[in-house]
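Supplied in structure tokens, the structure appears directly below.
Naming follows writing order (A, B, C and D), and every chain is counted from residue 1.
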Amino acid sequence: MSIPVLLFASYADAFGARRLDVPVGAPCRVDALVNALRSLPGGTRLPAAPLVAVNRVWAAPDAMIAAGDEVALIPPVAGG
Amino acid sequence: MSIPVLLFASYADAFGARRLDVPVGAPCRVDALVNALRSLPGGTRLPAAPLVAVNRVWAAPDAMIAAGDEVALIPPVAGG
Amino acid sequence: MHASAVLHIAVITSPIDVSALLATVAAPSAGATSLFVGTVREVNEGRAVTGIDYEAYQPMAESELRAIAEEACTTIPGLRVAVEHRVGTLLVGDVSVAIAASHAHRAPALDGARQIIEALKQRVPIWKQEHYVDGARAWVDPTSSVAAPTV
Amino acid sequence: MHASAVLHIAVITSPIDVSALLATVAAPSAGATSLFVGTVREVNEGRAVTGIDYEAYQPMAESELRAIAEEACTTIPGLRVAVEHRVGTLLVGDVSVAIAASHAHRAPALDGARQIIEALKQRVPIWKQEHYVDGARAWVDPTSSVAAPTV
């Protein structure tokens, strides 16, 4: 009863991992997942509205996450 | 009693030469030189206000040409 | 007018070959090519940088890059595009991103390359951790003025 | 911020080496480089082109190119510029002009290259006679919609 979340860059540092099983059941809303993440060690370092991608596509806070979806927490991008 | 004028591209074709001694005395205004050019063979093919450079700098119709100046008649530019 | 085409999109770890990118977008119908090259700078916001670690969410970075290139080819008919972003550890002077956009005319080619680099900076999930001369490292956060030190 | 610099200006008859131009403007302080490349196109205003003869009023073309580059470096502090224009007979696909502009940041680099190509097209005394497949030739006159046929 958890959702695996991919972590990158500063978020991976904050949570001390590149992948985290967040204790929340699918399906659930993106913002519900984010709230669950906040309560984990390192979660306080998340910004107000962290970006989330579901199946490699940007997902709004009210988007739904289904079981098996690839979920990633995306720090502020800094390419180029 | 003439002013040598350099010709390029379509103007060289029009006058059949890359250099022309225009029968007008220095000093004279740029527009006076242009008028003299119009009366030479091929001169009718000049546009209304042909561009002129004196000593490699753009010259206005009322600019003066002195003896020994390098005068060039400049067709519409098409670089790049 | 040549058809629009996204000819090449890649997120790679090896050095970027800008000449190859230029050749990729070259075409007898193209009279103008605009190439944008991003390189690692020796200083950022006043701090001396020795190198940068670029990290990508690889599959999404590629799909976003392709989407951005395709959007440019849609808004600019006739545009031909090739884009490469390099990840891994880069040193000062290394090329981190290169965008080549060609077209029959110069304005669309110049607009196309610019449109792509601006969108890339907004949407492509790639991050950079700067290495400073004093040994410190920090992930760059364009949304905040100060890079968030992590070491 | 690096000082502005016009590093290289040339009107040449040999092929343009864009990689060399990029290297010329490269600098540890430059995070962005914009390279504009003009190439001979196979068609212009609907007529199939086989090649172009470029002619220059050499000394004035060089001085105008330098003046244009210096103006860009004045309006865009920190800009580093290299420009080459090729004259003589060029074939489809040959590079006729290349402008490299680098800067710490991308916007000034992109603006600089664009400012230079636009000014070049207005002020540099260079002309092109297009060769068409039917053997005809015509000097291109951007001020009139139709090229003035001369043969």
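The rule is short, and it goes like this: a residue touches a chain if its C-beta (ideal position, glycine included) is under 8 Å from a C-beta of that chain, and two chains touch if they have at least 3 such contacts.
Keep in mind that what you see is a predicted model, and the values were worked out from it rather than measured.
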{"item": "Shared chain contacts [chain A and chain C, defined touch]", "value": "none"}
{"item": "Whole-Å gap between the CA centroids of chain B and chain D", "value": "26"}
{"item": "Whole-Å gap separating chain A and chain D, where each centre is the average of the chain's CA atoms", "value": "49"}
{"item": "Where chain A and chain B are represented by their mean Cα positions, the distance between them in whole Å", "value": "72"}
{"item": "In chain D, residues with contacts to at least two other chains", "value": "38, 106, 117"}
{"item": "Shared interface positions of chain A, touching two or more other chains", "value": "80"}
{"item": "Touching pairs among all chains present in the structure", "value": "A-C, B-D, C-D"}
{"item": "Complex contact set, residues of chain D against chain C", "value": "18-19, 22, 26, 28-43, 92-93, 104, 106, 109-110, 113-114, 117"}
{"item": "For the chain D and chain B complex, residues of the former touching the latter", "value": "38, 54-57, 59-61, 63, 85, 96-97, 117, 120-129, 139-144, 148, 150"}
{"item": "Chain D contact footprint on chain B (complex, rising order)", "value": "6, 8-10, 13, 47, 53, 56-58, 72, 74-80"}
